[in-house]
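Shared chain: chain A. Partners: chain B in the first complex, chain C in the second.
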Partner chain A sequence: MLTYALVAGVLFGLYFSLVGMGLNLVFGVMRIVNLAHGDVLMLGAFVALGVVALAGIDPLFAVPLAFMVFLLVGMLLYWVLVPRLQGSANPEMLSIILFFGLSQVVEAITTIFAGTSERSIQSRLLGTVFSTIKVQLFGGKPETGPIRILGQGFPAPWVIAAGTSLVAIGLVYVYLYRTRLGTLTRAVMSRRDEALASGIDVDRVSAAAFGIGLGLAAVAGVFAPFMFGSITPAFGADATVTSFAIVVLGSLGNPLGTALGGVVYGVCYMLVQTYLSSWADLLPYVLLILILLLRPSGLLGRRVRVA
Partner chain B sequence: MLRTVGVALVAGLTFAAPALAADAPAEIKIGTLYASSGRYASISMPVHYGLKLWVEQKNAEGGVYVKAFDKKIPIKLVAYDDQSNTATAATLYNQLITQDKVDLLVADSGSVLTAPAVAIARDHKMFLFDQTGTGASFFSKDNPYIALMADPVSTIWPKPVADFVSHDGPGLGIKKVAILYATNEFTGTQANAFRKFVKESGAPIEIVYDQGVPTETTNYTVIINNIANTNPDAVIHFGYAPNDIAFLRNVQDVGANFKMLFSIYAGLETELLEKNVGEKGLEHVFTYVPPQELKYSVNFGMNMDEYKAAWDKKYPDGKVEFGFNSVAGYTTALVIEKTLSVATSLDQLELRKATFSLSNQLQTLDGTFALDEMGGQIGELTPLGQLELGDHGHLKFISIYPHETATGKPVYPRP
Partner chain C sequence: MPNAVKHVLFILVPLIAVFAVLPGLYQNHLLLFNFVTFLILAQGVNIIYGFTGYLPFGYVGFFGAGAYGFAVLVMHYQSPALVAVLAAGLVGVLLGLLLTPLLRLSGAYFAIANLAASLAVLHLVANPALEGITKGPYGVSLTGTFNPSHAYYAALVVLTLTVGGVVFLKNSSFGLALQAVREDSVSASMAGVNVVKMRIAAWLASALVAGLAGGIYAWYVSVFYPDNVFSGEFSIFAIVFALFGGVATISGPIIGVLILYGVYNLIGFTTPQYFQLIYGLLIMGLVLFLPAGLVSLATRRGWHVP
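Entry: the complex of A and B
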């Protein structure tokens, strides 16, 4: 039971790293709290539902589509909203109110168009592209069903979602530490005013980060119907709360700290579900309180200062 | 003398009749809540749509007959969105009573959103038309202000499942049972009742797993693995529709093959579950057989086929599924209609008396309406059934227990 819970926790946690990473990137660069983060996840899930319903193809194809769409939406949204926010006396507080309102609007509009019922995608559809390639290369029949790790069966969508998260974490690392735009992004994250004074086009850097943040959230959303059983337009609020707990756990303002925060959250969640199942949903709040009491800067808090 | 009395009587009647009509309200206000979003939207909206369908139907006919005023009066439905939030629901129930001053108070769907209404209605001495809140704690001898309209009370609802496991189970090889439930009034009560029935039966059944999970639980992978480690012969899952969706999907995803699998909403909201879990995931699942399958003969209101046709005409977009809850909303409406047709005033205790007078008399598309002395619904029972794939790949219900209503034998163990 313990081994199963630990492996499931790592897989689940890696996915949650992806869920929280976009939120943290946006906060790290702009110091604004995107309370509509969960709603972008929900919209990402609807992109996947649309891809399956309209094209009948592997929902994995929704990953690049969702990322590109929300990268553009994010950049557009940045230019419409964020510079005005940054110009206000208290941008952090106003951002909470603004994005809360945006979250409500997104949920309401989605409800009007999609209704309130739960929606999902059959698990066997995820990853069919891999099995098709495998069959064409090596022959045999397409494989469905659980994936065996350490002799135990885990849902294939969990493994695919965790793998995608790892790739996304790697790409975010490359972006932040191996590209010029990433270096500029870290400079803005470190001291926005100094970055501005040294001639960095802060708005351009921030718009890119905002777009990437939303894009990552949408990619996480593609896997939401598989990780959470089903989704509804109201799914966003809970996802935002969990994301926030993970971000604070890893380190607010440090996107790569979110990767650690997600895994810690996932493992803790699965252990609580195994041994104290009735209390499992309290976990995000308990972790949030504990980390704020014991290590307010998060598990990787120190890195924020040197980013 | 006689002439004087006669004149007085005629004069009295002449003036009394308009006076009665003048006292009649322009509309009967029915106050209710619904959840257009959140965890309970999928069980709330069908109930609300069922009630709304009836209101529009009756208003098109000039209103509903109200015996207290001996005339048809149009209905005004005052409905607010509680967004599946119990705190919001509590505020809105108060608003319906104190600000809108509704004549009749109807709870939102499900025990979680009904719970705030029970205490508020009692405090304000308003009779609560409880649509589908089946929690046992709602009903007590010292609370006359509630009656359950459309679902059996949770203390008796799981009896067919427990009886099947206790009576037929040992013969089939069921000796070890796992119980998993969402910790809320509805499913928690069902789990308690099931456990009690099994233990009291004296059957050689061992409960090897018995755990509650938060109602908001959305993944069960680890829990399923824990259950599988206890090698149960039957797994009984009591959860709301989103719980059932996540649970049944995870059972498929991890490749667990439990010999018997019971879930509530596989039967109650089959259309919704089928969309999310798929036919294969629901094949051989044990569940409650809903009234849509039983097609009761009625002595009041539309029968099931007529109601389905009216529903499809009114809500052609399919955004809200037709199922057990849509029937429950319409059933509540029928009880309200019948209550108004026999109540001699709109006094809340008179409404209660009128509603209770319908017990064992009213037969709707949901079955026989029958109340116990505390207002718990003891009619409208749902037999235990099993979902099987038909010839064209569509799911069909096989009624299993009680034996008198059985239409087939159980498939056990699940292949």
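Entry: the complex of A and C
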């Protein structure tokens, strides 16, 4: 029971890190609170639904598609919304309200086109690529059913989502620490005005970060139907609050801290779910408040609190 | 004539008079009550956001806590409605006191923490494990105290107090000090303003107002579920109404509620998703093109808006 909760917690936690990562990147670079984050997740799930419904192939193919589409959408959205917002008196506060409006628009449009019914994807469709390749190379039967870790069986989609999250986190690391644009991104994160003064094209860097943030959220969304069972257009709001809990847990403005925050969150969530299930709903909120009050910079953060 | 008297005579008195007379002329009593509720909440948001700069994204937490404070007192102690409304205000203040540590956070951190706090209160109240006290997710029914017209006048009294409070903030050195803290807390504290005390006072005042409004709402509707009284729409609407009119003014939030909530009821509820779409676009347009509210159209031309 305990082993199961712990391993499931780590698997969910890795996935949760991916859920929070994009939000953190956007906040870290632009000091903008993207309340529409959960709605991008929801749209990513609809990309996966579309890929399965139209092409009938493994939803894993939706991952690069969702990422590219939302990378472009993000950059476009950045140029439309953000420069105007930054010109106002209190951009951080107004961004909350602006992106709340955006999330309403997204939710409304999705509801108009897709209805309010719950949608899901058969979980055996995910990862059919792997089993097909395995069958072609090594022969044998395509195996279905749970994957065994430490003597316990876990649904295959959990393991695949966790694996994809690990890859995505690795890529974000490479982007931030091994590429020129990533170095510039970190410069903008630590001091926006000094970055501007030293000749960095802050708008271009921020637009890239915004696009990548949205892209990561959409990738996380592809797995949402498997991790949460089903998906509705109203799924976005809850996902946003959960993402915030994870991001703040890790530390706002430090995308790699989110990986730690996600795992801690996932393990706590599974433990509470296993032993005190009626209180599990309270966990993200209480955890969020406690962390904000006791260690507002997050588990790995520098001090950011003012007055 | 001092400004405070002018503000009371030309804004507060006509507003209350109109809403006191309207139930005799207009059939839809619930709609009028909702108008009064949102006027109270928008002014409550104005007190905390307009004068101190803290965005209470989970403002509904106080409202819902007030409603459940009212319900618990009526259900378990059979107390009269007025006493229960006062208790609801007290519950709001107590929750505010409990959450004062959040004021140490700034900017987005505060807004998110406040949102989380309101959701935590919701899940606490709606927890099936507490069914004996709050009836959990199954909702409460308070038929014993049901009296919409008394509740409506009680709401008017709270509205009077709230708008009166804003008139006071607008015309007193206390309100000026609060705005100084909002603009630059370090300079304000060097000028002798007790920053922490000021913020807590404004925070508790807005919590009190929302708690009272929640209690009266519970009295008025008498049957409700946790999801009704903790609906995020209360926070969002109150914030958007206040912003639309213009915060840190007396008339801004009033204009915002009258116009936007009026439009809301004209569009109607028949197709909620189209309504949500229009509303979302309206919010985005507001932030992008009119971030200081409708009153900024006048102040930009140099006209003074109370």
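Worth a mention:
Criterion: the second predicted complex is superposed on the first by the 302 of 307 C-alpha atoms of A that agree within 3 Å, B and C clash if a C-alpha of one lies under 4 Å from a C-alpha of the other, contacts with A are read in each partner's own complex, and residues count from 1 in each chain.
Criterion: a residue touches a chain if its C-beta (ideal position, glycine included) is under 8 Å from a C-beta of that chain, and two chains touch if they have at least 3 such contacts.
This one's a predicted model, so the numbers in the text were calculated from it and none came from an experiment.
When both complexes are superposed on chain A, chain B and chain C occupy overlapping space and clash. Once the two complexes are laid over each other on the shared chain, residue contacts for A:Leu171 go to neither chain B nor chain C. With both structures placed on the common chain, the touch criterion links A:Pro155 to chain B but leaves chain C unconnected.
Of the two partner chains, both chain B and chain C are touched by A:Asp281.
When the shared chain is aligned, chain B comes close enough to touch A:Phe12, but chain C does not. When the shared chain is aligned, chain B comes close enough to touch A:Met270, but chain C does not. With both structures placed on the common chain, the touch criterion links A:Gly229 to chain B but leaves chain C unconnected. When the two complexes are overlaid on their common chain A, residue A:Met68 makes contact with neither chain B nor chain C. Look at A:Thr111: by the touch rule set out above, it reaches both chain B and chain C.
Once both structures are laid onto chain A, the chain C stretch out of 3-11, 147-155 or 219-227 that overlaps chain B is 219-227. The intersection of chain A residues touching chain B with those touching chain C, taken from the two complexes, comprises 107, 111, 278-279, 281. Of all residues in chain A, only 1, 4-5, 8, 12, 107, 111, 114-120, 122-123, 145-146, 152-158, 227-230, 232-234, 238, 270, 273-274, 277-281 touch chain B in the complex they form. Contact residues on chain C toward chain A in their complex (touch as defined above): 53, 55, 57, 101-102, 104-109, 111-113, 115-117, 119-120, 123-124, 127-129, 185-186, 195, 232, 236, 239-240, 243, 273-274, 276-277, 279-284, 286-288, 291-292.
Those residues of chain B whose C-beta lies close enough to touch chain A in the complex are 35-39, 41-42, 45, 83-84, 183, 211-214, 216-219, 221-223, 225-226, 229, 241-242, 245-247, 249-250, 252-255, 272, 275-278, 317, 319-321. Contact residues on chain A toward chain C in their complex (touch as defined above): 27, 31, 33, 81, 84-85, 88-90, 92-98, 100-109, 111-112, 237, 241, 244-245, 248, 252, 278-279, 281-282, 284-286, 288-289, 292-293, 296, 305-307.
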